[in-house]
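Shown below is the structure under consideration.
Chain IDs A, B, C, D, E, F, G and H follow the sequence of writing; residue 1 opens each chain.
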Amino acid sequence: MPDSHSTGDATIDLARAERCGFPEVVYGPGKRPETIAEIFAAQQQHGQACLATRVDPAQVAAVRAKFPEAIANEVARTVRLLPPGESEVPRGFVAVLTAGTTDLAVAEEAVETLRWMNTHVELIVDVGVAGPQRLLEAKPRFVNADAVVVAAGMEGALPSVVGGHVACPVIAVPTSVGYGAAFGGIAALLGMLNSCASNVTVVNIDAGFKAGYVAGLIARRAAGDA
Amino acid sequence: MPDSHSTGDATIDLARAERCGFPEVVYGPGKRPETIAEIFAAQQQHGQACLATRVDPAQVAAVRAKFPEAIANEVARTVRLLPPGESEVPRGFVAVLTAGTTDLAVAEEAVETLRWMNTHVELIVDVGVAGPQRLLEAKPRFVNADAVVVAAGMEGALPSVVGGHVACPVIAVPTSVGYGAAFGGIAALLGMLNSCASNVTVVNIDAGFKAGYVAGLIARRAAGDA
Amino acid sequence: MPDSHSTGDATIDLARAERCGFPEVVYGPGKRPETIAEIFAAQQQHGQACLATRVDPAQVAAVRAKFPEAIANEVARTVRLLPPGESEVPRGFVAVLTAGTTDLAVAEEAVETLRWMNTHVELIVDVGVAGPQRLLEAKPRFVNADAVVVAAGMEGALPSVVGGHVACPVIAVPTSVGYGAAFGGIAALLGMLNSCASNVTVVNIDAGFKAGYVAGLIARRAAGDA
Amino acid sequence: MPDSHSTGDATIDLARAERCGFPEVVYGPGKRPETIAEIFAAQQQHGQACLATRVDPAQVAAVRAKFPEAIANEVARTVRLLPPGESEVPRGFVAVLTAGTTDLAVAEEAVETLRWMNTHVELIVDVGVAGPQRLLEAKPRFVNADAVVVAAGMEGALPSVVGGHVACPVIAVPTSVGYGAAFGGIAALLGMLNSCASNVTVVNIDAGFKAGYVAGLIARRAAGDA
Amino acid sequence: MPDSHSTGDATIDLARAERCGFPEVVYGPGKRPETIAEIFAAQQQHGQACLATRVDPAQVAAVRAKFPEAIANEVARTVRLLPPGESEVPRGFVAVLTAGTTDLAVAEEAVETLRWMNTHVELIVDVGVAGPQRLLEAKPRFVNADAVVVAAGMEGALPSVVGGHVACPVIAVPTSVGYGAAFGGIAALLGMLNSCASNVTVVNIDAGFKAGYVAGLIARRAAGDA
Amino acid sequence: MPDSHSTGDATIDLARAERCGFPEVVYGPGKRPETIAEIFAAQQQHGQACLATRVDPAQVAAVRAKFPEAIANEVARTVRLLPPGESEVPRGFVAVLTAGTTDLAVAEEAVETLRWMNTHVELIVDVGVAGPQRLLEAKPRFVNADAVVVAAGMEGALPSVVGGHVACPVIAVPTSVGYGAAFGGIAALLGMLNSCASNVTVVNIDAGFKAGYVAGLIARRAAGDA
Amino acid sequence: MPDSHSTGDATIDLARAERCGFPEVVYGPGKRPETIAEIFAAQQQHGQACLATRVDPAQVAAVRAKFPEAIANEVARTVRLLPPGESEVPRGFVAVLTAGTTDLAVAEEAVETLRWMNTHVELIVDVGVAGPQRLLEAKPRFVNADAVVVAAGMEGALPSVVGGHVACPVIAVPTSVGYGAAFGGIAALLGMLNSCASNVTVVNIDAGFKAGYVAGLIARRAAGDA
Amino acid sequence: MPDSHSTGDATIDLARAERCGFPEVVYGPGKRPETIAEIFAAQQQHGQACLATRVDPAQVAAVRAKFPEAIANEVARTVRLLPPGESEVPRGFVAVLTAGTTDLAVAEEAVETLRWMNTHVELIVDVGVAGPQRLLEAKPRFVNADAVVVAAGMEGALPSVVGGHVACPVIAVPTSVGYGAAFGGIAALLGMLNSCASNVTVVNIDAGFKAGYVAGLIARRAAGDA
């Protein structure tokens, strides 16, 4: 198997799966639609699952023209392919929580990433701190996860509260939801970095993919697959 | 009664009590110890209660030399005098909460301010969000307050959580507690400004006096004294 | 009565009125027009007044299709419904001031919130500090309020000046009005946080709803309704 | 067993171990030396291992007066106690890397945290990107870890480079090492948040404890102990 | 006359007076005490008045050893000499106002600069906006000035208010007075830059010398001396 | 004469001319075109010159429909009217310099303001520091001004250089010209505030009107008109 | 030869080539298309090569109408002309590297600048640190350069890594590529300024022209042409 | 020859000279005095020149105890050793300029670095833009340099002005000199990054070593030694 495959405007790293555990993921912005389809074809040929993030409708259409079975998620702005062959049973368990409904796009990007990693996912939305009873009601659905992803904008307080309820790592992803002194996610980012809960770690603003990816790596190891 | 009284390095506004409901408060830094004692004497002569904030030991000593009955609070860095004459029954009720023990100095400044305003105060410390059961246990002690002051550093999440439990205004005061990306209270300040709870309003970093003062004004009105 | 009511894309907290004194308010952005109308219907069924903020014309139209009596305010970008049944007499008194005419949208959002809370409101516009006589002329209209909301952009100096004239809390709301070093409201926000007037507290940039809400809570208590 | 134990200036959460997997950790600053010793005694009585971070010499001395077997680390500014009874075999494996020698204090705090969690640790220092051969030589020592902690100041580039070599999560901890536009760790923090490597997640500036704690949680799960 | 005079660690520009209207001013920090005395001697030899700012006691002592008639101002941290020969009548009129007493050091630096420029100065302290009647009482003392310098920290609102009362330029100088979100004078600086009064212009934080200098240039021209 | 005149959406301060030396200036954004025309009419009736800044074409058209003699400047985005009656001879002299050609809009706003104030103006463009001979060639045209306005973006170095060549105040106006780390004028603003030239004072980013206005006040006084 | 040539809206510095080694370069934004064509004509008349940066299609078309041989680069947004007469052999050698494919526009601007300077250029794209083997493979292509330009966004780590492999200066150019805490290039800029490699120097965000220009000056000197 | 030499608290890279053209330089802070002496001994043994930066007196003393011929520079805070054997003739020419006298420490660090690189250096101090004739007088001393280092604080305007006078690269080094809105060198840094002169490139605040090092690399190549 070659280590890489070159298209017109990208060089795909086919050896990534071996070195880092998972194949390379395609970041959509700036790529021609056909390029993404071509990358997917090369990855499928080598038995790899495929994922592209932040894709636009034209990019999704190009992938679907070649692979009608492609799974697109409009809210998450992702498109992906299962690995060729029989599908395996999901392994490991990650819960993805959002503080509000407007954090959903970021959370869905994490969810799709986890599905691509073949991880069991539980999505729990709209359990922000202003309505405290909502989180407690949802607790049974996330307390046994191997890792929890929490997407929150505005003051970004939810990861700290969740952190006090679980024994696993919490991957906090600040979202750019809010206005005024939310500063496009900076307020939430700072809040999460300063979390008083010891098990909270942070990724970039709106980085649903990275949050899902790290949570997936943790779940995979917890499932004994490292 | 004259409207003002001039000392060597300050002009005290004796008409403030009439115009704004409470006498002027002395901000200690930069003032000579005797000046503060002299201001207190002038205010007492006009029947006013006295409060000085951010005072150092020398300033406290100067006040005590003249007024042995002065009430000093080392943690709060305040010194105050009751109004001359018979003491009245406290009116209105404010709860003051802290997220951690290091927020105590700021909270005590709020408490002393409220005592000077003759308000009933309940101080509840160390109920931060990382240990969620602590706040629920303390809820009966603050749920009926006319206003709640919440002092918190680091990610400043406590006011949002408290806001979801009460029907009164929450005065959030960010503290400079924390390190790294806490940026001396900026993270907490931004978190509080972006609180998803509708009843949270904010004062300056470490501004225990102002938080207590605004809460006291609210309690006074609730008690029918406006 | 159930505690909550679920629509397609939101879960409305019907118990909020009991827990926090007022029903939940709908934040418009990102919600489908019919969702807002449906929430209003559920709230009316339970005898609650309704308010939606930052609504667009399509959202207003959907509400009006179902409730022709809905009160929309284009400048404030709000739509609201009175509680079903006989209307009560307004209780408590809040004054809302603006520094300039461009601060009006934020001030109107506060005004509509206060009307929804059944509070008496006085709106006083364009009394910024550059023309000092204007505020003095308007003083009789706001000096007896239970709380004053002040919306100001640019240097945000008006709340400090108002604070020196009244004995009640001043809720300062910085607006994103200005250019250059106004930085979208940061200059006004910092000015208000550092106000030398003891009775000034602050909410987020352009947060007219929150300013009105906190002021309304204060007025409600002053009226003896806590 | 009681859920908590109260000392003069702190309330220790004895139920934390059950709820979150590990006992509460003592943050030293602002606590009286005897308080820390007393907390350790209570935890030992309940069979828990003990850890205090950012301790000063007086705090260490107070612990040692009561527990001569206490393990202090001057560089890390920590002191800890093994759980009473027979020691278990370490489980799970975390590598801790530093870019330069001045990042050592932060790295050692992570190392001590991991030892307290009974995790196998490998410390690899001074493998920053300016001397590229150094990291490659060290690769065999960290490539099989369950999680890698990377402490780096200045431009904070090392986590990205490490991320490209491993299949496990990388916990990046920016340090306040540097001068000028390093801005006390902000440059490194931003660099790490924007890492092009998918497996990099971030904690607060100088937060060696939190980096170690999250890495330890991951390793614990990988070892099948979740 | 030579254009410059070189000492051990400075080169004094003796032609400055002719080119820019006033002799060069010595900035104290980092200069040896004798250097300052030597510069003063060279300037006096050429008939020039002398001013050094931000001087420490040793620097003042060195000047006084050589020139016992030197005028030192401890609050302003300045030392200066009249020009040799008969003193002229002051020309032009500048008022210097402060918001609080802690702004005095900056204001005094402006005052000393203006005296060195032989301008008539009126110093008016502690007329900040929280006590609105104080400024109105002082108005007759500054309304006819050729320029007004206003030093203010915290929210920096005073220049805007003064600007609405006068027909001359207002030179606003933000001071580093305040705490928390005052950010060492940034809040005041931004407030002044965004002043709604058309006649307000701004200098650097704590730049009393520059404020006084620009005001003095204006007054000199108004007196017909340009 | 009445002190003010109210239109639909503005209240014009007719007494401003007497109090502050010049009539009120209309800030265009957000005002209806007819409102501006109506304000101009009221001012003309009282013998005042008129100026509106940041106007759009519709606003200019509305003014011209009523006053065909109106003077519009597309680059400056201004429209103005001479005072009714015989025109007076310009008094005082201000030079307006720009560093580059893209700073011209800001400079022209200053120029139009100065013409409205009946001041003699000299506009000198594109004399930035990268081509050092250009400023020296232009020096005779500005060296005798009563005040110099300098508009510059990017690093904003020109005011410092100009300040070393003149004996009058320099009003520096940073422009939002530039990209990347110019941060919309912040780099230029900071450069100007830290100018090593004693005679440089600063206004807000892109504030051509304010720079011109302050320069005009200085020139007016220099001409003996205070 | 005249020193300058004036068009309608620009003054071209024809003496620049002699004073600074290369002719003036035209910055496109804000200039009329014909102006650029006219400047090119004047420069060609004086035997100079021509370069315009950040040009739009209309500007390119205007140049091509007059000079059909003009070389336009759509990605770089440049258009240029060789000097009239016989072309010389390129002298000096600069390598231009990019971290990702989205950094290409900035890199191409550097490349075009270097071609205009008649320097030999090697462009190497997509060798960012996440795939470490890619840079090592490309090393032979850049290790002997006289200077290396490195364009990188996000965390901007590539220049540090490249700096450890070469003995020549590295000109780092941060790009605005990234999202969230990339802050439009600030993260990359700070990373590069704090590079632990001694030979890394930095230009403005997206400043491909300046990076290429400085590298070209170095290469020119290395080729003995200073 | 071995590639590295390990001391107690550092690993010196002896192969650096071959890979990068010059030996490794020792950064003093945090190193034990004897460590520095030991590193110098190892480097001398391999025929290398030695340089340590930001050293304190104890570190200098330790080096001098072993190498009495060591050259220490108190202002620059450096200590260095010539390479063993006969000294070579300096090659290449770099000019180092400062805007003010307080920038000297940074400039001297650059100078010592250049001497260690065996480059001819010309140091020109106190030629800031406020006294424009000073730079013109000094021009003959720097106009023929292979590279110019310019150290400046406050507004950092000098590099732009120098850039317009020379045909070689200008390495701008912002210094932390200044107060208020100088923000510890940020104002100068931003000014230099936005320089309108094409030949200006920038290093970190106070980074005299790096500025000197890059300039030395350029001069070395210009001298034909690459």
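Note that in this section a contact is a pair of C-beta atoms (placed from the backbone, for glycine too) under 8 Å apart; a residue touches a chain by one contact, two chains touch by 3 or more.
Given the structure is predicted, the values throughout are model-derived calculations rather than measurements.
Note on connectivity: the fewest steps through touching chains from chain D to chain E is 2.
Contact with both chain B and chain H is made by D, E. Taking the mean of C-alpha positions as each chain's centre, the chain lying farthest from the centre of chain D is F.
Between chain C and chain F, the centres computed from C-alpha atoms are 37 Å apart.
One finds 59 Å separating the Cα centroids of chain B and chain G.
Within chain E, the positions touching two or more other chains are listed as 131, 164-165, 180-182, 186, 189, 193-194, 198, 204. Chains that are in contact with each other form these pairs: A-B, A-C, A-D, A-G, B-C, B-D, B-E, C-E, C-F, D-G, D-H, E-F, E-H, F-G, F-H, G-H. For chain E in complex with chain H, the residues that touch the partner chain are 9-11, 13, 16, 29-31, 174, 176, 185-186, 189, 204-207.
In the complex of the two chains, the chain A residues touching chain D come out as 19-21, 25, 146, 164-169, 171, 189, 193-194, 198-204, 209-210, 213-214, 217-218, 221-222, 224, 226.
Remark: chain A residues 101-102, 126, 131, 133-134, 179-182 touch chain C in the complex.
Chain A makes touch with chain B in their complex at residues 99-100, 128-132, 154-157, 160-161, 163-165, 178, 180-183, 186-188, 190-198.
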